[in-house]
Every structure is written in C-alpha cells, then in structure tokens.
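All remarks here apply to the structure that follows.
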Amino acid sequence: MTLFEASEIVKVFPGVRALDGVTLTLEAGSVHALLGENGAGKSTLIKVITGLYRPDGGRLLMDGREMSFGSPHESAAAGIGVVHQERNLIPGFTVGENILLQKLPTSRGLVDRAAIRSEAARWLAELELDIDPDQPVTELSVAQAQLVEIAKALSVESRVLLLDEPTASITPNEAALLFRVVEKLKDDGRAILFVSHKLEEVFQICDTVTVLRDGASVLSGGALADLTRDEVVDLMVGRVHEALSLPERAVDTAVPPILELRGVGTASGHADVDLSVRPGEIVGLYGLVGAGRSELAKALLGLDRITAGEVRVRGEAVKIRTVRDALRNHKIGYVTENRKEEGVFLEQPITRNIAVTIWDRLRKVLGYVPAKVETAMVTSYVEQLGIRIASPSQLAGTLSGGNQQKISLAKWLAAQTEILIIDEPTVGIDVRTKDAFHTLIWDLAANGLAILLITSDLPEMITLADRVVVMRDHRIRGELPNNHDYDQMSQQVIRLIHAEGTTAA
Amino acid sequence: DSTSDGGPKDDASTGSSSGPVTLKDGSQVKLALIPGGAHPYFQPWKATAEVDKADFKLGDVTFNETGEWDQGKQNNVINSLAAQGYNAFGIFGVSPTDINSTFEDLKAKGFAVGSLASCPAGDTNSADFCLSTDVEAAAYKAAKATIEAIGGEGAIVHLTGNNVDSNTQRRIAGVKKAVAETNGKVTELPVITDIDKDLSTAQKAVADLLASKGKDIKGIVTTAYNPAVAAADGVASSKLPIKVVAIDDDAKILSGIKSGGVAATVTQNPVGQAYVGGWLLALLQSKQCTMKTPGVVVDSGSFVVTKDNVDTYDDERKAKTKELETEFAKQLSCQ
Amino acid sequence: MSAPVSSTATEALREDTPVEKPPRGTPWWANQRVGLLLLVVLLSALFGVLRPAFFNQQLVVFPLLRDIAMFTVVGLAQLCVLSIGHMNLAVGRMAAFSMMITGISYDLWHFTLYSGLLVGLVAGTAIGALAGWVIARTGVNSFVVTLALDFLLLGMIPLVYTSLTENAAFVTKPPGMRELRNFSLADVCIGNVCGSPAVPQLAIFAVIAMAVVGWIYARTRLGRELLMTGSSVRAAELSGIPTARRVIIAHAMSGCLAALAGFMLAVSTGSIKATIGEEFMLPSFLGPILGGTLLAGGFVSIWGTLLGTALTTVIRKGLDLLGVGLESLNIYLGLILLAALSTDRIRTLLSDRQAVASSSPPPPPKAAGSQEGER
Amino acid sequence: MKRFVRSTEMTLLVIGLVFFVGLVIASGGDLLAANSIRVLLQFLAVPVLIGLAQMVVLAVGQLNLAVGAIGGFAAAAMGVLMADHGVPVPLALLIGFLLAGAAGLLNGVLVVLTRINGFIVTLATMTILLGVQYRLVGTRTVDAYPQGLKTFGSAALFGVVPWIFVVALIVAALLALLLKRTVPGRQLLASGGNPIAARLSGISNDRSVIVAHALSGAILGVAAILTVASSPGVNKSIGGDWLLPSFAAPIIGGALLTGGSAVVLGTVLAAFIVRFVDTARAEFSLEPSWVNFVVGAVVLGSVVLGQVRARRQERRAVVKAPDAAVAGGVS
C-alpha cells in the first residue's frame, strides 16, 4: 500500500537546481533506500518532504491526498518523522524533552514533566533503549544520541520515517541494533526511507531503491533484489564504475618503526598502549566509536597529556607539546575526523587552507609571505590530488565534502610530513570519491609515508591496512596482520573487540 | 517647569541699562553660548542669549548643548559654529584641563572667547576672560551653611560628582576649608564622589550612606545636581534629623527649601554669566574694547538661599549681575 | 619539492567531476566598500550643498579628518580582535590606561613627546596582552574578560589620578605636542610644494597604523594565522597554528592601537586625563563592522574601517552644521545608521537574487545557518 | 540535587552568604536592622530586573545594548505622561510598559528582518531611544506625579521587604516559570541552545529571537515602573548606568554568551553579590571606584573559577572551546 508519494519535485537554490523532477514512492511495511553521490539531492528531498523547504514544483501525497507542509511541524502532525543528517539535539535539555520537543505535552498551560518522562520512556522502550529520560543529552554517547533522535522521530506517531545517513557515525554493532529497530518498525507497517553511503547496509535492510543523480531520479522505486551492487553504483555514478584495484605494495619489515608507542597512558584514560608504524606502512587502528582512538591521536599531538610510557619517533624518545611541534620537529600530521570544524576553514580561500602549514617555510623578512610562491606551491598539490576548483582563491566552504577532505589532507602533504595519522577519512563520502581516497592513501604509503589509519569502516580497513590494531576502552585489544579477505578479517576483528581481557597478536 | 529663577523677561530689565559701557554696534557679532552638555544649570543661558540679542542688537545668537560632556565633541560643535560664521564664544569647557587648548585655537583664529561658568584648570586662562562661579568659594559657602544649619557641631558628609575633574577637586577643597575653620567641632566623613552620573546611582549612594552612617551624620553638603536631588529625597524619606544643603535652584530644590526638606542651597548665577558674558564678548569682538589683562578671572557670585530668602534671593543675584558689569568695565580699555 | 603522490594516483584522482565553482562574484554595486564610499561622497556633497561651510578647510575639514583619523585607529584596535572572532570591550579603558602611563612619563619623568608615546604604546600592548593571556589561558569568552577588565581599569585609573595629580589630569605638555595638535600638511613642505592645510599632521599616525595593520593582514604569516584562528580556532590549532599565542598577539595589537588612539585624542584635546577613551567603545565597533569586518572573525577590511568611520563622523558633523539640536541629534544618528546598515543588507539580497539565475553552487550556509533557511 | 550542589547557583549562594555574614560582622550587627535590610533590598529590585532583561536575550544568543535606553525612555514617558499630561497613574504606567515592550519587540523584528547583528541593531536603537528620552524630559527632573506611586515605591512589607523588591522577585519567578515550564519558553531556549536543531524540529528561531527581545523590553518596562515609583524623579540620566550591570549579573550567574542557558536564580544571586559590594563600599567609606574594581575582579574570578570547574568536569574536551561569537545568532 502506498503511504506516501512525492512526485516531480523541483527545488532550486540560488545557482543550483538541487532537485529536478524527483519522484519517490514509499510503501507501508517496507524500507526504501535513497541513494546518490554527495550533493545528489538526498537531504534536500528530505527537507522538502518535511516542510523545511518549500518545493518549486511537484506534489506531495500522503495516503493519496495532496499535502502542503509549511513547516516541520505540519509534516510531523501528518505523521512524518525524520532523523536529519545534521545532529539534532538541544544541549541544555533532557533526553525526554528532546524526544518530545516537537510537541511538548502540557497541562494547564505548563510543560508537563511527568508526561514527558512517561511518554519519552515509552518511545525509548520501543527502541529497547536503556536511557533515563531525565538525563541531559550532553551525557549521551554518539550512538545513544543517534538512537534518541530516532525515538524523537517516532514520537510524532510517525507512519513515515525518514532516516538521513543515520549510520554515518556509529559502529557496525550499533548499526545492527538500529537495523533491528528498523525491522521492527517495518513489521509494524511503517514506511521507512533510508539514506546511506554504505551499500552493504542498504542491501542488508532495504527492499526498494530510488537513485538520484544531479538532482534527478535515475531510478525510482526499483526492487533491490533485482539489482547488484555494481549496477546500483553505476546508476549513481552515471557510467560503468570500475572496481577499485590497488597495485602491489610491500612493506619492508627490516626498516625500524618511525613511530613507536611503548606502554603509553594518557590523561583521558589510555593505558599500556603499544603501537608502531614503519615508513611505507599503513596501520589500521580499529575500534568502536568512543574507543579512544581519536583521543590517542590527539594525545600524540600534544593536545592531551601523556602520563605514562614513551613515544619514540625515529628511534628517539620525544615529548610532543603542540601540533606545531609535531609538525615542525617530527614531521607528524593529523587529518582530523571532524572535517567541518577541525579540518578546513570554510570561510577561507583554498590557498590559505592548504598553505596554513607551510607559511613557516615560505616566510621572508618580517613574516612576509610572497603570494606567488604560495599560490604556486598550493596549485601543485591541488593538481596532484585532483581537487576540482575554479580558482585557488575560492572559499573552501563552497566545495563538496570530498574535495574539502582532500584539502584537509593536502595541507599535510604540502608540509612534507613523514608520519600521517588519518582519522575517518571517508565518513559521509560517496563511493567514487571514497575509491579515489583509498587509492591516494595507498599511494602515499607506497611513496614511503608511515600512515596510521583510524577508521570505523571495516571494509575500508580491510582494503587498506597492512596490520589491524584493535582498540577498546582506551586499551589495545590485539593486533592482526591483514590478509585483505573481508569475511575472514571481519570475523577476527569483531571477535577481538568482544574478547575479554587483552590478547596479544 | 524647572527653570524657576528670574526668567528672561525679568533680566531684560536688569540689563536694559546696558552697563557702564554701551555697545555701539553689535550687528557684526554672532554670539554662541556653548555649555558642556545638557544640564539644568545651563537652561537660563538659552533664554538669556535671546535677551542678549535683543538688548545689544547682535547679529545672531545660538545656544548649543550637543557637546554631550565630551571635550572632543564640544570642540567639534565649536568648530562647526565657527565655520558658520559665529565669532564670539561663551564656553563652558567640558574638561578644565583641556579647554585652554580650545581657547587658544579660537583666539588664534581671531574670535572673542569667554570662559563661562567654569575656569580652566591651573593658573592660566587662555580665554579673554573667565566669568564663573568660584567653585571653591561656593562649596565653602555651602559647607558654612551646612555647619550653621547643624548648629556648628557634628559630622557632615560631602557628596559630589566626577572625581577626576579639577572642579570637583576645588569643591572638595572648599568644603574641607570650612570644616577646618571649626577647629574640630565639625568633622567630615570621607567625601563621596562620582555619583552625579545619574539619579539612581546618587539615590543608591545616599540610601546606603544613610543606612550605614545615618545615625552619625548631622549634615550633608552636596555640590552636584543629582546627589542634591537624591539627598533631599533620601533624607526626607528616612526621617532622620539630617540637614541637607543643596546646589542650584532647580524647581525641585526650591520646593524642598520651601517645604523645609532642604536646609539651604547655594545658587549660582547662570543668567549673569550669559548676560554679562554676551555683552563683554560683543564688545571684544566688535573691537570696541580690549581686555586690559587678558584672561582675567571674575567670580559671577554664589548665593546661599534658605527658607528666609527664598523669595528674594533673585534680587540679590540681579544686583550682583549689575555689579559684574561695572567690575568688568574697569577691566576694559575702550575706544 | 617532490610530490608524495605518484602520477598513477594523480591520474586515478583526476575523475571527470565538474569543477566546483564558487558563487558568482558579487556585482560591484553590492560591494560594501563601494557602497560606503558612495554614501560618504553623496552625504558630503549633500551637506556641502546645504551648508557650504562644510568645506571650510580650517574649521570643518581639518577637525573632521582629525576625528576620522583617530576613530579609524580606534576601529583598527577593535578590528585586530575581531579578526580572531573576539571583542575588546575595554578599548577605551586600555587607551586611558596607556595614556596614564604616558602622562606619568611626561609629568614625573619628563620624557619627550615621542618617548612618552612609546612608553604608552608599550603599556597598551602589555595590558592588551594581559587580556589575551587570560582569555587564552582560561578559554573564557573575550567579551566577559574584557568587560571585567574594563570594570577593573574603570576603578583603578581614577584612584591613580587622584593620588598622583592635583587637577585629575596630567597637564605637562612636552615640546611638540601643541604643534602636533594644530599643524597640517601645509606645514610639511618638500621644496616649495606644501601639503594641504586641510589635512592634519595627526592623520599621519592613522595612515601608518593602517599601513602596518594592512600589511600584517594582507601579506604576513602572522596576519593569515590570525584570520585562520578567527575562522576556526579548532581547525587552526589542529593545523599547527599556536592559537593561544595568536590570541595574545591579537589582543596586544589591539591594546597598542588603543594606546595610539588615546595619544591622538590626548594631543587633539589637550591633556591626558582619566576619561580618555570613554567614548571609544561604540565607534570602535561601528567603523569595522560598517566596513565589512566580520564580528565572527576570519575577515577584516582596513579600508572598510576607514570608510565606516568616515561615514559616521561625516554624518555627525553634517548634523552639527545643520544645527540639529540635542533633541534630535541622536534620533537622526541612530536612524541613519540603521538605514545605512539596511541598504547594505538590501544590496546583498538583490545581488543574491541575480545569482539565482546562474548555475554555480551556492555559498555554504553561514555559521548561524539556522537563520538562513527558508523560513 | 547533586547537580545543584555543583552548580554555579550553589557557589554564588555560598559566596553571597559568606559576604553577607562578613558585612554584618563588620557593621557590628547594624546591617540586620530593619531599615538597613530595607535599603539593601530597595536597590536590588532594578538591578535584578535589568540583569534578567539581559539574560533573556543572552538565552537566544543575542545581546541587548539598549537596556538602559529602553528603561530610561519608558521611565521618561511615564513621568511626562503623569506630570505634564495628567494621565492617571495606572494608565501612564501601562503605556510606559507597553512602550518598553514595543521597543524590545522592535529590536527583535529589526534583527530578524535586516539580519544585521543584534549588537549593531540594539546599538542603533539605543542611540535613537536616548534621543527620544532627551526629547521627552530635556534637562528637567520630572517629579510632579501622584504621591500614591511614590508611597508604593518606598513602602515595605513589614517595613523590611520593599514592595518593589517583591515585584522584582515575582517577575523573576514568572520568567523562570516561562523559560522552564512553558512551550514558548522551551522553544526560546532550544533556539539558543542549538538553532539548527531547533529549526529542524519545527521551531522558528526568528520567533524566538523576537520573543526574547520583546520579553527583554517588557522586563525593562517593569524596571522602569519601579524606577519611577522609587526615585525622586525622572530625568535623562535614568538608565544611564544599566548597561554594565546588566551584563555582570547574568554572566556571574553563569549564563553562556552563546545562548541556551536560563539562569534566573543565578542572575538574582549575582545581583545580590554586586549589591553587597555596594553596601560594603558604604560601610567602609571607600571611593566608588573600588566598587568597579571589585566587581571587575569578581566577574573575572567567577568566570575563571567556572571555567576551571567545567574543565574538571569535562576533561575530555581536548581542543579549547572556541571563543564563540557573542553577538552571533544572526549575522
């Protein structure tokens, strides 16, 4: 039974036709995938459906009746719940209030706290979540917060549930929990729209699919069972997509490690961390969200205190105090997982975004930086990484996520680092760009860089890493050589993560 | 209406004699009276300026209070007026330590300048003359009046304005002098400064004072406007037997005198300043006269007003104004 | 510089994605600086027509330029901290503090005019650095720290003045101060060619300040790092910029410029007193912000600061000349300000509308993206 | 409860109590006299209200530089209406109150319509309102209004608790109720806490900004009424000293400049502490300059302490929190 239909939706922003005649049909009791590369228009479609944007053309039908939503309020009232791509919780509020924010229960004009508690508890229970409704949301883990958002989407008594990349920042285990919930909701007869860049998940839980390319639907409502992964990718990319094939790359194990951690403990709770990376090697650091990998990286950069053990760079014990110190004296770079806030300067030109690490080297008398040299230097990296830009003075914020990520990486290459810590390089990045990134990282290692790759994306880890180190609760739980066999590796890694105590490889 | 003193019409009669030196031709004189900013004290200037114009047949007069108590802005106002053809300036300088520079600039450009209602700090006055209340003398008189009101014994406290203003320092000195003359019979609590910015600050300071020290205080002498209003009000509502001596003759204060809430007030002579100042400036600017000693300082007078003379003090003031003209006549050398 | 990326990878990366173009350049009439310049010129012409005295060189233009010069320096003092997304609510009081030190150096130590200025600049730099240091160390918002510092200085400065001086002002004038106040470029001659009598010599200080600050922000590593810090402290920190030091430097620069502005004010009014800088706070924000400097940090405009300052100063002067009384002066000032700001907004909207037709991708949502949505 | 013990409010309460006890001892017990307490509280009413007026705009990440101008203008309007035009007291007060509310509303509408930073908008309206206030009263001190109002202004419950203070407390309580327990209040805080999330949840940030500014204006309207009732008269200086204390109270009280925090109790307690500094000054006959000095030191001290506490609680935040643009919100 068709619950909801969006037909021939058009949405124009200054300068872009974000949606150009998109049609989408959602059936009760079914999970529908919405796929497309970055910028294809997925989130925009969801915002049109929920009344955040007013469409410039097309119709929205709920139960066959035409609807027009002036605000998220109205769509919620009509039974459409949504988990947006952006994080969506109010920091000062409790879990309960956040869940019911769209229609806070009142009695005699005042917000009814008891009602909030009981009603929120009901939705949390529906998702089998053990979270106290009175807890402030600031105390939640990332995954918990994500699940609370789903409870929030359900709380409007939604029959249609739109999930925009809900799994981008959670681990497979948490994703599995989420999928159980999705199955349950589906069995209850709700219509679910699922957006993700992770095709494995899509094939796992979705029944039908709509593919967007450049704002137009190239496939509207096909059954997923009839499609292969490659076919879907080809549809998204708009041409035959070749599977990633990486050339041979061997690590010379005779070379001593360039970066070595011995029994390192940090102020944020790491203990006994042993880790080493050789030049030309990619070491994958795998773990669940919150395992403490990014924190470890930041401690290495001097942003957090190292309380025990020692860090050796090129065989010498060192104390790194600041990022600048790491960069200048030890040639260590860190590509952050948090691109928008920590990786790029959105409001600054591309030149400056890349040159930020090399001004030191370029500066002449009185700190003068010759603009020509700067631009030339930057342009060479832009070309090497294939960053598609109109001009070097363009603001970084006007680029797509993938290109921004390349910029975030380029500044470390420009700085000629020899040790690179790359944290979640491909979160929210589409298949094609992801492949390009994998090639790039591979190639950097082949050129002799030592790479510590932090990722929660298991396929990515298994594709790239030479060794996989598993971290849980701020401790190393084990280390595995990588044989690049997905099934075998993933089993071993998951087993390590759940193993009791510490095992050495 | 708050400008209760004389009013222009009364003063017109005072001035109709035009003093001992009669201005021959004022038609080329364009007079500007410039207070430091908006303040009730200066309101009589506005009307008096018009009287000056009529009495002395001046080319033009203006009253401009847009200086907003900021020396830079006041300088701008002065320059703008000069650019528009005003050539005789009676100025209350916002900053007594800076105003000489302004005077010098104006003098250098050939304008007649009088320092009205306040004299520059230090020993030099770069204006042609200064016609102002001798603030130290006025504060001294006020303190004397307070001492008298409390019967010559007990503690008094002095409330005043901006501490970092040389006139405030003079006022403090005036009060101290009067207290010192009692040989210890009257004592002075620490001066409370910086409470003239706005009424509520003054009110709060008075209330706190009365709450913490009210029992020890016999008299309050105020030498700034907002503290005066606040003290009169605060003492009245606290019902403490404290004598308040205020400053100026704003309607509110005069009614306090009449009702007994205020023991006395020390009024100054803004009308006289504007009237005599205007006359002098016109004489100087029309080149009819020159000052024998440029920069001479003359006290425009201050008058203690109590319940007894509240209805008649203005006559005394008008007499003083007349006297000022004769006094200045001696300072002039005329063609 | 050897490329760490092989040519095969470069090939692989060079996919056929379209070039991502920035939003079309805004048309010239939507440029804030151009708009301001036009507004200043038009208003000057209007005032000139209504009151020919507006062009009186000695009495109007000279003091007008002196004010513009001084308030531009004040604006630059604020601009330095705005560049890192901070505010300095104590600009005025920092000026007062530095001039207090300068005053002491003249009065008690008999310094020359310029060595006293130097001492003041050092004092301003120091107090600014102190503010920056507290902010960097504690991470407390600059608004709060400088507000508190303002209170502190507001309390402290009068205490010092009353204990050190008789008239609550330092009145010693070192040789040259009087000349600096009144001399114009007409007093500066190269051979037979002299400058205009309408341009005060004091304006040279502003020109120097603009040149130095402009150079720093446009050409040097320091300036760029300040702007990057303003764009995103976290990204800056993680890119190896010593953000704590940059914060301190920005505030120190602010304090130094505040001191310079205080000096210009002291010279142009006559003496060094506690109330110096009291009127600095509002103009310090108006100039840069009217000129296009972002409150949120990351972008500054030196010329804009000059133009923004010129606009407000010209308006005030014009109203003065028109004889607008105190009853209306502030009302008009506020209204004109609002109007000037709104036209700026309207211009932006119009140029956005023009851009809808073109096919370039949109600008990223601004920091407060929430407010930018459709409704 | 545990959360409260560690909260800013608790710290302020302790500081305030210690301060007060110290003062009582210093005054030899005089401070406990009915009259002393009355005076202490009398001059707390308006600071509490102006602190709250600023707090409510800070809660949406805005700020209001026009607090003093709105209050002064409304007070002047009330005074002039009663004294010069013989408007009956209740009507005059109502008109003044509405004018203040309207001025606040205007601020909000301008911020939303023009998208100009609130800092600049309120700066402009401040200038305008100062002009209007001057136009209304000039250099006079208007005081010819009915005695009844003044009696109310100085009357005290049991001779100890001034009625105007009671009014201020009622306003504080209502504001707390509004922010904590009503839907518009929650929406306002949601907009301040995370505007993007709020918008995605169907909350209009624009409306929140307008509501906050209008509320701020209304609270200032009440402050103006209390000022008219309790001061010897109304002149152009009313409101002139409100700006800095209006920031000091909520900031000491723990408000975040980035928005999202409703610290009514904290603001009230902070106003108490600032008032104690005043009282101490009178007690020890210090120059008023000391008050500024001490308030500056207290603000600095409390924020630094607060920061240290936050650090300890949240060791994990590795990179320093960005110095968020205060006046942000809308730009």
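Going in written order, the chains are labelled A, B, C and D, and every chain counts its residues from 1.
FYI, a contact is a pair of C-beta atoms (placed from the backbone, for glycine too) under 8 Å apart; a residue touches a chain by one contact, two chains touch by 3 or more.
As the structure is a prediction and not an experimental result, all values here were calculated from the model.
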| item | value |
| --- | --- |
| Selected pair, greater C-beta contact count between A-C and B-D | A-C |
| Per Cα centroids, the chain farthest from subunit A | B |
| Whole-Å gap separating subunit B and subunit D, where each centre is the average of the chain's CA atoms | 36 |
| Centre distance in Å when subunit A and subunit B are each reduced to the mean of their C-alpha atoms | 74 |
| Rounded Å distance, subunit A centre to subunit C centre (Cα mean) | 41 |
| Geometric centre distance via CA averages, subunit D-subunit A, whole Å | 43 |
| Numbers and ranges of subunit C residues touching at least 2 other chains | 158, 162, 232, 234, 237-238, 326, 329, 373, 375 |
| Residue list for subunit A, restricted to those that touch at least two other chains | 52, 71, 303, 342 |
| Junction residues of subunit D - those touching two or more other chains | 134, 138, 196, 198-199, 204, 287, 289, 319 |
| Chain pairs that touch, as defined at the top of this document | A-C, A-D, B-C, B-D, C-D |
| Complex contacts: residues of subunit D adjacent to subunit B | 27, 30-31, 35-36, 39-40, 42-43, 46, 134, 138-141, 143, 154, 227, 230-241, 278-279, 281-283, 285-289 |
| Interfacial residue positions of subunit D with respect to subunit C in the complex | 110, 114-117, 119-121, 123-132, 134-135, 138, 191, 195-196, 198-199, 204-206, 244, 247-248, 251, 257, 287, 289-297, 299-300, 303-304, 306-308, 319-331 |
| Residues of subunit A that touch subunit C when the two form their complex | 12-16, 39, 52-54, 70-71, 247, 301, 303, 322-324, 326-328, 334, 336, 338, 341-348, 352, 355-357, 359-360, 362-363, 366-369, 371, 377, 380-381, 383-386, 388-391, 394-395, 397-400, 403, 411, 413, 415-416, 432, 436, 439-440, 442-444, 446-449 |
| Residue ranges of subunit C in contact with subunit A within the complex | 1, 3-6, 8-10, 12-15, 17-24, 216, 219-222, 224-225, 227-228, 231-232, 234-242, 298-299, 352-353, 355-356, 358-364, 373-375 |
| Complex contact set, residues of subunit B against subunit C | 38, 62, 64-66, 68, 70-73, 75-77, 79-80, 82-85, 95-102, 105, 108-109, 121-122, 163-166, 168-169, 194 |
